[in-house]
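What follows is a set of structures for review.
Look for chain A in each of the two complexes below; its partner is chain B in the first and chain C in the second.
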Partner chain A sequence: MTAMRYKILYWLTATAITAVVLFPIYFMFISSLRSGAEQFQVAYFPSVLRLENYSRLLTDKDFLGALANSIVVSTSVALVTVMVSILAGYAIARISFTGRALVSGCLLAISMFPQVAALPGLFNTIQGLGLYNSVGALIFSHLMLTVPFTVWVFAAFIREIPVDLDESAMMDGAGRLRTLFRIIVPILMPAIATTFVLAFIISWNEFLYALTFSLTPVSRTVPVAISLLSGTTPREVPFGAINAASVIITVPLVIVAFIFQKRLVSGLSAGAIKG
Partner chain B sequence: MLKNVHRRPAISAWLLLLPLIAAVGATAAWPLGRTFVMSFTDATLGNPVTSFVGLRNYFYYEDGQAYGLFADPEWWLAVRNTVVFAAVSVSLETIFGLLLALFLNIEMPGRNIVRAIVLIPWAIPTVASSKAWAWTLNEQFGVINDMLLRLGVISSSVAWTASSSTSLLTVIMVDVWKTTPFMTILLLAGLQSVPRECYEASRIDGVPPLRNFFFVTLPLLVPTLSVAVMFRTIDALGVFDVIYILTSNNPATISMTGYARRMLVDFQDLGGGSAASVTLLVITGTIIIGQLMLRRYRTERGE
Partner chain C sequence: MANIELKGLSKSYGHTTVLDALNLSIANGDFVTIVGPSGCGKSTLLRMIAGLDTISSGHLFFDGKIVNDIAPKERGVAMVFQSYALYPHLSVYDNVAFGLKGRMPKPALREKVLDVLERLQLSKLAKRLPKQLSGGQRQRVAIARAISREPGVMLFDEPLSNLDAGLRNQTRLEIARLHRAVGSTTIYVTHDQAEAMTLSDKIVLLNGGRIEQFGSPLDIYRRPANRFVAEFIGSPKINMLQKNEALLLFAATPSASDIGALGDVVLGLRAHELEAVPLDGASLKARVSVVEEYGDRAYIYVETEKFNTLLVMEMTAMEDVKVGDVVGLAPRVPEPLVFDLESGARLEKGQAA
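Entry: the complex of A and B
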C-alpha cells in the first residue's frame, strides 16, 4: 500500500511539473487556432479549430523566407561546428603538445564571455566583410556561440574512448587523420549527432545577433520575424499569427528534445562538468 | 631525425586545430579585440574613420559636468536591473533546479518521459516562449489576469509587463521557467556521480532522509553546484532576449546588454556601445576569475 501511495505521489508531482512546463505552450497553441475578433478573448479551451493562421503564414512569402533562412543558418552552423569540433576535439583529447592547456583555457574563456561583448566588433567585422543583412552574417556570428562549447563536449567524449584503439591503429601505420576518421569517428557517431543537434538548437534559437545583423526579410530568421509582428494598439496585435508562428518553430524542437533527451542531457553535462 | 619525430605530434595537433583557430579567431577573438579598441574611439556605425578619444566613452569631466557611460543614470539603472535579475533568478533556479534534480533522480518506470518534458522550456526558442508568456500575461486577454480575477487574488487586471512595479519580477519569473531545466540537467548529472554507497551507508545507519540530504548529498554536490551557479550567473548577467521580447527597451527592465545594443543600433554609437560591452565583460571576467581562484584555494586546502 505504501508503495502504491508512493507511486501516486510521484505521478501527482510529475503532473504538476508538466502543468507548469506546458502552461504557456498550451495557451500559445489555443491562441494559434483563433483568428479575427476571437483572438482578443480569454480562452481556456479550443472552441473552434481554425487553421487560418497557419495557412496564412505558410503562404506568406516573408514568413517562408524566414523559415528557409532559419533552416539554412542552423544547418550550416551545425555542419561547420561538427567538422571543426571533430578535428580540434581529437587534437585536444589525444595529442599532447605544448600549448594544449592554453588552447583549452582560451576556449573556456571564450565560451563564457557575454554575447554582447563581441557585438560591436562583430558588427564592424561583418560590415567590413560585406556580410551585413545576409544569411552569411548569422552563420558567421553563430559559430562564435557554438564552436568553443562543442569542442569541449567532443574532447570529453573522445577521452571516454579507450586509447588502445587508436594506438593500435597508429602502430599498424595509419596516420592521424586516418585513425581519426576510420576509428574514432564511427565510434563517435552518437556524439556527433548530439553535437549537431546542440549546435542546431543554439543557432535556431539565437536572437541577439539575428536581430542586430538583419535589416530586411532577406536575412531574417523566424525568431526575428516573430519579434517584429506587432501592432500599435492592443487590438491590432496579431496574437493568433504570433502564436501560430511560435508553434511552427517550437514543434520541431519539442520533437528533437524527446528523441535526443538522453543524449542532449549527456552532451550538456559533458561540456559543463567534465570540462 | 629524432628531433623531427618528436615534433611531429605537435605539428599534426596544430594542423588539426587550424580550422578551430581560424573560426574562433575570426568570429570571437578579432571582434572582441575590435570592441575593446573601438571603446576608446568615436566610431559610429556610418563613419569608419575614427579618432582616438581616450576614456571619453567611459567617463570625462567638462565645465563641471560629467559625461560618458559612468555618468549616465540610465546605465546604472541597467546595471541595477541586471544585477537584481541575475541574483534573484539564479537563486530561484538553483532551488527549483535542485528540487527537480532530486525528483528526477528517483528510480521510477517512465521517468524518462518526465525528464524529456522538463527539457522543453530550455530547448524551445526564447522568442516563442517569451511571446507565449506575454500572451498569457496580457492585460486584457491573458488567462493569468482572468484566473487571478476569478479567484479574487487581484481586484483589477495587472499590466504585468508594462507596469514598472511588476515588470522586472515578471521577466524574472519567465526566465526561471525557461532556465531551471538547464540547472536541473547539470545537477542531475552531479547527483548521478555521487556514489550510491554514500546514501546507502547512512540510510542503513538510520539517518533520516532530510539529514542525509544536508550532510551527505549536498556536500558532495557542492562542486557541481558551484560550476552550475557560475555558468548561470554569467549567462544571466548577459541577459537580453527575455527582457527585450517582454518589455522592449523599457528603462524599468533594460539590461546591460540591452543598453549596449540600444547605443549601437538606435544611437549608431559604436564607441559608446563598445564601452558598455567592455564594462560588462570586465564585470563577468572578475566573477569568473574570482570563482576560479576560490576553487584553487579550496583544492589547495584539500576540501
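Entry: the complex of A and C
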C-alpha cells in the first residue's frame, strides 16, 4: 500500500515539476504561431497555424546573419574552451610547477567574478587588439566567461583519475602529450562532453558582452538581434517574431544536448583500478 | 637483462630523509624482494629505480651506467602496479599493445601481443575491457603488459595485495615460473614475508630508510643480522628471552654455562625450537594460554611468572594440549641466537657482548 502511495506521489510531483518547466516553452511555441493582435488574447491552444513570424525571420538577412554569427561564436568558444581546459587542467592536476597553487586559486576567484566587473577592462583589451565589432571580440570575451571555470572543473576531474595510470603510461614509454591524449582524454570523454555543452550554452545565451562589443549586424549574435527586433510601428513590440526567434534559437541547443546525451550520463573511469 | 647497483642512494623531502644512503648490488637475472614494515621506504626505492621518483643524492647504475636522470622509458624497466593501473578504455589486447606501438612494425607487434597473451592464458579475453575482468585476470593483464616489452628490469609493487588468499598463492607460483622463463632482473616489493621467502633469490630488509640485511631467504632466516631482522622474518614471531630467562630454560643443558658467560644480551628461539616435555624433570613449567590449531600443527602460547612475555612453541597435531594445561618447557636446539642487548646486533659464538 505504501509503495503504491509512494508511486502516486512520485508521479504527481514529477508531473507538476515538468509542467512548470515546460509551460513557458510551450507557450512560447504557440505564441510564435500567432500574429498581431491574437497575441493579446489568452489562449492555450493554437487556433490557426500561421507561419508568418517564421517566414519573416527566415527572410530577414540580419537575423540570419546573427544566427550564423551565433553558431560560429558558440562552436568556436566550446571547442577552444575544451582544448584549453584539457591542457591547463592536466597541468594543474599533474605537473608541479612554481605558482601552481596561485594559478589555480586565481582561476577559481576569476570564475566567481561578476560579469560586469570585467567589462571595462575587457573593452580596453578588445579595442587594443583591434577586435571591436567583430566575431573575434565575442569569442574572446566569452572565453573569459567559460575557461576559468572549466579549467578548474577539468583539474578536479583529472585528479580523480588514479595517477598510477599516468605513471603506467610513462613506464610504457609514452610522453606527457601521448599520455594526455591517449589515456586521460578518452577517460575524460563524459567531462569533455559536459564542458562542451556548458560552454556552448553559456556563449549561445550570452547577452551583455555580445551587446557591448558588437555595433553592426556583422558581429551581432541572436540574443542581441532579438532585442533589436522591431514591429511595424515604434510602439509595437513584435511578440510573435520574438517568440518565433526564441524557438529557432532553442533548436540548436536541443540538438547539441541530444548529440552528447549518451556521453553525459556514462560513467567516468570504471575498471581502471582494482574496484 | 641488467644488473643494478645503488651507491649512496638517498631520498629526502625537505628535512625528512626517507632513504638514507643505500648501497646495494643486484646481479643480472636475480629475483630480489624488498620487504619491511609500512613506511620503511620500500615503495619509494622501487619508484626511484623505475624513474618515477627523483633521486636526492647518490647514484643508480644499470649495467655500470648512471641512470639517475634517464627517463623511465629509456631505462628498459617495466612495472606492475599495486592497483594494476590498466587503461580502462582499452581492451586487453590494446592495453598490452600500448607500450609496443611505434617500436616495431604492425605485424610483428600483433604477433608479439598475441604471444604474450597466450603465455598468460589471456587469449580468450583479448577483446574484453578491464572492467569485465576479475581481479586475478586484471593482474595477469598487468603482468602481460609489463613483460611484453621484454624489459631488462621488472618491477613489482605489492602486486598480490589486492587478491584473495587462494589466488595470491596461485599468482605467486605463476610469477616464479614466469621469472624463470623470462629471466629479467626482478625487484619485488611486498610486506608479506611468505612472498619474500618463497619467491626471492635475495631479500632486502628495509627499516626506517636503511637496509637492515641483504641476503638469501634462508640466510636471513637462519642468520639474521640483528634483532629487528630476526623479529621481522619468521612466523610466528621469534621468542626473545632475557638472559636470566634463557638460563632457566637451558638450565639442564650443556649450553647453560656458555649462556651464563655472556654479557648483556637477549636470546632468540623460534617456535619450532621449543618443545613441551613431561612435567617431572622439566626445568621450567608454564601454563598454556592460547592454542592456535592449524590441523597439521598447532602453535601454543604459554606463560609463566618467571617470564615477562608469552612464549610461542610449535607442536605436532598429535599432542593434545588445552588452554589451562601446565606443560614442561625445553629447548630443542643446543643454542639460541644471541643479540647484543644495546645495539641489537647478532653475536657469533665466542664473540663477546
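In the analysis below, the second predicted complex is superposed on the first by the 242 of 275 C-alpha atoms of A that agree within 3 Å, B and C clash if a C-alpha of one lies under 4 Å from a C-alpha of the other, contacts with A are read in each partner's own complex, and residues count from 1 in each chain.
One rule holds for everything that comes next: a residue touches a chain if its C-beta (ideal position, glycine included) is under 8 Å from a C-beta of that chain, and two chains touch if they have at least 3 such contacts.
This one's a predicted model, so the numbers in the text were calculated from it and none came from an experiment.
Visitor: Could you say whether A:48 touches chain B, chain C, both of them, or neither, answering first, second, both or neither?
Guide: Neither chain B nor chain C is touched by A:48.
Visitor: Just to be sure I read the superposition right, which of the two partners does A:115 touch: chain B = first, chain C = second, or both, or neither?
Guide: first
Visitor: Considering only the touch criterion stated at the top, classify A:19 as touching first (chain B), second (chain C), both, or neither.
Guide: A:19 sits against neither chain B nor chain C.
Visitor: Of the partners chain B and chain C, which touch A:169 in the superposed model: first, second, both, neither?
Guide: It touches chain C, and chain B stays clear.
Visitor: Between chain B (first) and chain C (second), which, if any, makes contact with A:258: first, second, both or neither?
Guide: The first partner, chain B, only.
Visitor: Applying the touch criterion given at the start, work out whether A:242 contacts chain B, chain C, both or neither, answering first, second, both or neither.
Guide: After superposition on chain A, A:242 lies in contact with chain B alone.
Visitor: With both structures placed on chain A, which of the two partners, chain B or chain C, ends up touching more residues of chain A?
Guide: The larger set of chain A residues in touch belongs to B.
Visitor: Touching chain B and also chain C: which chain A residues?
Guide: In chain A, positions 269, 272-273 sit in both the chain B and chain C interfaces.
Visitor: Using the touch definition up top, name the residues of chain C that touch chain A in the complex.
Guide: Per the stated touch rule, the residues are 50, 52, 71-73, 77-79, 81-89, 98-99, 103, 129-133, 135, 138, 145, 149, 162.
Visitor: Using the touch definition from the top, list the residues of chain B that touch chain A in their complex.
Guide: So the residues of chain B in touch with chain A come to 9-10, 12-14, 16-17, 19-20, 23-24, 26-36, 38-39, 43, 45, 48, 100, 103, 106, 108, 112, 114-121, 123-129, 131-133, 135-136, 138-143, 146, 177, 182, 185-186, 188-190, 193, 224, 227-228, 231, 234, 237-238, 240-241, 244-245, 256-257, 260-261, 264-265, 270, 273-274, 277-278, 280-281, 284-285, 288.
Visitor: What residues of chain A sit close enough to touch chain B in their complex?
Guide: 7, 10, 13-14, 17-18, 20-25, 27-28, 31, 39-44, 80, 83-85, 87-88, 90-92, 95-98, 100, 103, 106-107, 109-110, 112-125, 127, 140-141, 143-144, 147-148, 151, 176, 201, 204-205, 207-208, 211-212, 222-224, 226-227, 234, 239, 242-243, 246-247, 249-250, 253-254, 256-258, 261-262, 264-266, 268-269, 272-273
Visitor: For chain A, which residues are in contact with chain C within the complex?
Guide: 162, 164-165, 167-174, 182-183, 186-187, 269-275
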